[in-house]
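Sharing a structure with you now.
Labels A, B, C, D and E are assigned to the chains in the order they are written; within every chain, residues are numbered from 1.
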């Protein structure tokens, strides 16, 4: 676990829009180790997908990316240029997207799309590529793999396509997979299967996995470590247990209050809610992004940028002006109320 | 695929039959077809004779079925003016027009698809703006005007190209350009729009995430999908061009079907007029059928239904 | 500014002609390419009465006689000699050294076959006027024939030299059958005895002719000089001019006055304005057959006549060789009296007449035309100024003629070239003898023409023609407009003589 | 007032799906014999995977689709005898996507007052007042009256949709995935709103959702649908505490609650949801069932009454299989 | 799903960065976009100018466009340094001595009338067919599709020429023939637009509210496909004007002495080598008219398209 497969330090993504500069991702830092699953969770528009695209260097052309550090397997991938980055993409770093229905090219067979990355990155023949494709398809639980290879994406169901996508990502034997909402478009039953598969494969191939999702349930079940994002910033980071058992940042706390948990939330009772809306990220931003929705906001929250601070346990940190003790008390109070 | 082809073919046949009905009814626009057919020197006796021979005294549906059954056997009747079998005349001139149409379409495609692709991969740049300007300007130029300008510059002033006739391949350049440029904007825009849409699609992102070379992403993954609607459009445009060849062939004195059509219309040679409408329509139908087949080949979602 | 620049550069370039391509026309190829805008599908002078076929008729076929344009005298051509046996019989001795293009020898059988074929109304010769005066032909010997007339016909020699071409015997027998059960005589392969032979007919595009190397020696037509003669159809006047300027063709005509003058000023080609036998006329629907009754009123017709500024049209649009005509014939034709009722340009009077007729605000009607659209447009413009709104229906000749025959045109603006026959019978008698073309069917006119046509006394003829012409002009069955003058434009390399009868004799042309 | 508001009796909806020129069309039984009653004041949750027919069922109840078989009685009257307007007075929908469910060219006020217009409400002068009243009820400020949907947030839009549904005081509101397009923080607001309105206006809900946590939280009764049939139906408490049907069990296992200790469950469901055009024989669930028996693939189970509802499974009516097998 | 952010929508992972921005009203956005779009403003301005020219023709034109005087024919426009050029006829005169400037001004009436009327006729036919097919789908769609395919397979220019030559030509016949021939694009575009709208929930909501089908089509669907309709309308208007010009060029369009621009080109075409302004001026006018209509159409498409940028 020691060796870090990805290290991100102070990643920022800005996008020019007609009304100014959109600060989509600001100062995001995290790292992923081999065999570790990091979940980045947040609501829509919080910048989690852009973070993943920034790591893959797949941002839209007009977006600008800066970082203090962006290392993959100890190698700087921040300034290596498109050609060398392309050699990494799909080779040692793979990505799975949200929409299995549209992420495969409808014009080519499964086999063609599976094999092309391998042929591109590794010196292998077509026969070998085919063998690996069959092997991986079976690995991701697709039966009659050699028949499936001849099929086109539209002939497969959503769950199968997402399995194909996973197999495709694994073709070159990557050591890091970034999965951006891989199960959002799928039924709950299929979702569980896909997540299970991902987790198993990750352990088996000892890969790092960054799973991006808005679903706290998924995060809790899959993650080793969790990073919560709000309005372009990380607001809390820690192990799954730390974040879910002792949420410290007020936003994380509010978020967890919002979802009904069978057995814990009283049936039919009022759910917690976060009033207000996400702030605009265009233009100069100061202070806590959550301030105007936060029940504990004070003047100092908007005055200055808020730093990350450590919570009680090691490896658990959060962004807030409030001390860990106050936060813990707040969380208690809400449970009682 | 086979089933799709059969189904599509069935529709094509139905359309062809409807078109034949329409072009058959053209003859009734003129009032008395027998009189029109009999021509200038006919006596009322002749007209009666023709009415009987052609069956114009029969109910219209009987006439139509009769006419259609002859047409299916390749007998479009005889042109009074040309003194020849209509079918013979048409198939004598069809190749010239087809060749002209193919040249024009070739020109349009060679110009528009690269431009459209360029514009799409560099949106909002000079290239894009140039291409768009070309499109807007191109669509506003009346083709006969453009043809005359071409003759003036390329034919007379610079003497680069022969002006009339079909003697050599050079003869086809100006008419092909004059005929083809008008469809260029449409194809270019569709290519651009298609490319833009495809380039922003999830599977292109997937392809890029696989680390494929930009050229592979562009040509293998993007163009193939973006080109699918262009194929249909090109077929439709080819049909339009056959119609547009009337003006162009007249200007460049090309002895093709368009020119024949124009002459035919002027002299009210009804059987030939009917036949040309029908032949052009059928050609269009065949063409769109082939385009659909090509699309099915390009797009497995249609092929493997 | 651009257009000026365009013009300057364009003309400069035209001046600096240095034949680049277009190798198939011109002196270097010994090929004379001439062009008109009309497509020719039928290469037979009897079954295609266009001017192009009249021209080709003289190049490809020969008649028994030949009219010398300079002296006006009739010379034997395929005949060695001829004589009137009586008023109804012409006798010919034929040459025995003539061969058709297909190698067969010409003899009396051919004459008998041709005359009997064309003079039979059932065989549907298009301009039947040209041949209907012949009753039949009779073979007297292998090279001796007689042609019998229905009635005395003083213009017979003119027709024989201009419009009766000799075909080989049996020529039309193999014609294909039409759907209505009649033979399609126009569809046979053309064969003649003339200085050029037709080698290829591409309908709608061209007719290729080659010099007849074995053309009869010492004939009045002389020997053809240029190796190949090509007729091409080019619809667009611009395209024709473009081709002429770039050497793609050698000869064109019917160039509008202004363009011709511009071409002349520029000097790269030869431009000539020549008289023709063609006249322009307006024919009124005198008896209201078309359903439009306005023109049954003589005052309305007079108003139209006064409204049109014929002199201006002649001067500004037609050309210097054109003149306004008062009577329904060409001034050069025998019997064409000029001292008939004249209708001067007087729009005020026209308006007054219209008011009298009950149309102070004018009215609207269709005017039909087929040739030189701009002339008709000028007429429409003039009519508009007295409040008459004429809608132009511009058609092809044959389609329009059908309408005219059916009496469906309120006014038609047409022309007639008299088949270049210098006799009033070729125009006035054609139109006013009560036939399909006759707008008035005036019995008095018909009678006068009949008398004039069949008399052999020139004075009697003149007198009766004049009476007929006076009646036509006075009653305005027609408004005679003007004679056509034609602009010929041809290559500077070409030694070509224009003629006043609108029949270019390409067989006399040669390269400079 | 009767207790039962909606009575669905053996409702069927069959679509003809083209299968090629010469094979003709093949039937897709989207809803294949559903019987269900909804009582006044109840919240009926309908759950199931996509393609199970829950949205089709909702559309049939709303009168947007004519049933191809069976009856749907609204307050005891067959829906086929009711006009569109009568159905509309009784039932109103709330859709999943608050972006496509509002006409972008109409202002909020126009959208919410549309039902009044359509019902030809006799007091046009009172419309604005009533619309603003409803806006207040769903928590929308008056100043939003003249805004357009694109100027609103997702939550606000869904509130507009709720207000539109309520303006004519319907008895039943059919909520088709009302929160699945919304963020968690907004979802809870809408769910709270729906809960509040239910008590205030004495509404009956049909709640269609794939989110079992939401259904468990709000519904009083739950129907589980699989391939066009209700395979289990029961009180919420019984269903979630004692699921009977193997499919219900699998569904419940698949629910991922934010409890890190539990890990990802293995539901043991075979990979694919079957093609509804060619459903499996017998019990349509048998290919994915962990407790499949021999006769499951041959004989379709019949509903068996349970404590609070019914279940369709051979496990609970062992005699059914034999009986049929003999006859 | 979240508020579509115009700049980054489509290119990002489907999750727009800004969840909620209070946007200005659609009208305000539209106004802003319209005035920010160069092509649209230019095209619109030119079109307004041309329409004004058509409406004010009797006041603007210095001469009667039909007033013929052969003695003053072919006067060149004033920019030619020819002694004949005169301010009396700023654009010169034609072969018949008619004032070209006045003819040009009156000609705008005819070209606009043809474009507008033909577009209206084809628009009514095409939109009706397209909307019905898109809304009802199924058999209706099949039938309409068949009609569209049949129509598309008939060569427009040829059929128009044939019909006009058979039944005669007048301004209104030309308009009707064109109108009856070029509705296909309306039908195709309206059909697909309606299909898209048809499947949106607000249509279902309107149905569930008890709206009649007619009301749904008119008040729910039509306003949302109006932008596409306008775009097609401009394209077809331009198409009709160009077709009329082509018919006139071949002599079967509007009949003289009407000063249609197409006819002016046809009449001037014989002079292109020596009096190029005769074809250049109406050609340029036609070009500018079509260009502005096209720019307008493109502009409308750009500013109303959801994926619109800048």
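Keep this in mind: a residue touches a chain if its C-beta (ideal position, glycine included) is under 8 Å from a C-beta of that chain, and two chains touch if they have at least 3 such contacts.
Keep in mind that this is a model prediction, so the values were computed, not measured.
With contact taken as defined at the outset, chain C and chain E are each touched by B.
Both chain B and chain D are touched by A, E.
Using mean Cα coordinates as chain centres, the one most removed from chain D is C. Chain pairs B-E and A-B differ in how many C-beta pairs they share in contact, with the greater number at B-E.
Centroids of chain B and chain C (each the mean of its C-alpha atoms) stand 39 Å apart. The distance from the centre of chain A to the centre of chain D, each centre being the mean of the chain's C-alpha atoms, comes to 32 Å. Each chain gets a centre from the mean of its Cα atoms; for chain A and chain E, those two points are 50 Å apart. Annotation: 48 Å between the Cα-based centres of chain D and chain E.
Touching two or more other chains at once are residues 1-2, 11, 13, 19-20, 269, 272-273, 310 of chain E. For chain D, the set of residues that touch two or more other chains comprises 153, 183. Residues of chain B found to touch two or more other chains are 148, 152, 156, 205, 250, 262, 266, 268. Residues 38-41, 46, 49-50, 53-54, 77-78, 80-84, 89, 93, 148, 151-152, 155-159, 162-165, 167, 170, 250-253, 255, 259-260, 262-263, 266-268 of chain B are the ones touching chain C in the complex.
Partner chain D is touched in their complex by these residues of chain E: 1-4, 19-20, 22-26, 29, 200-202, 204-212, 215, 220, 223-224. For chain D in complex with chain A, the residues that touch the partner chain are 49-50, 153, 155, 183-185, 187-189, 191-192, 195, 210-214, 216-218, 236-237, 240, 250-251, 253-267, 269, 271-273. Residues 56, 58, 85-91, 94-95, 97, 99, 102-109, 116-117, 120-121, 151-152, 154-155, 165, 168 of chain A are the ones touching chain B in the complex.
Put simply, chain D touches chain E in their complex at residues 59, 62-64, 83-85, 87-89, 91-93, 95-97, 99-106, 114-115, 118-119, 146-148, 150-151, 153-154, 161, 164, 181, 183.
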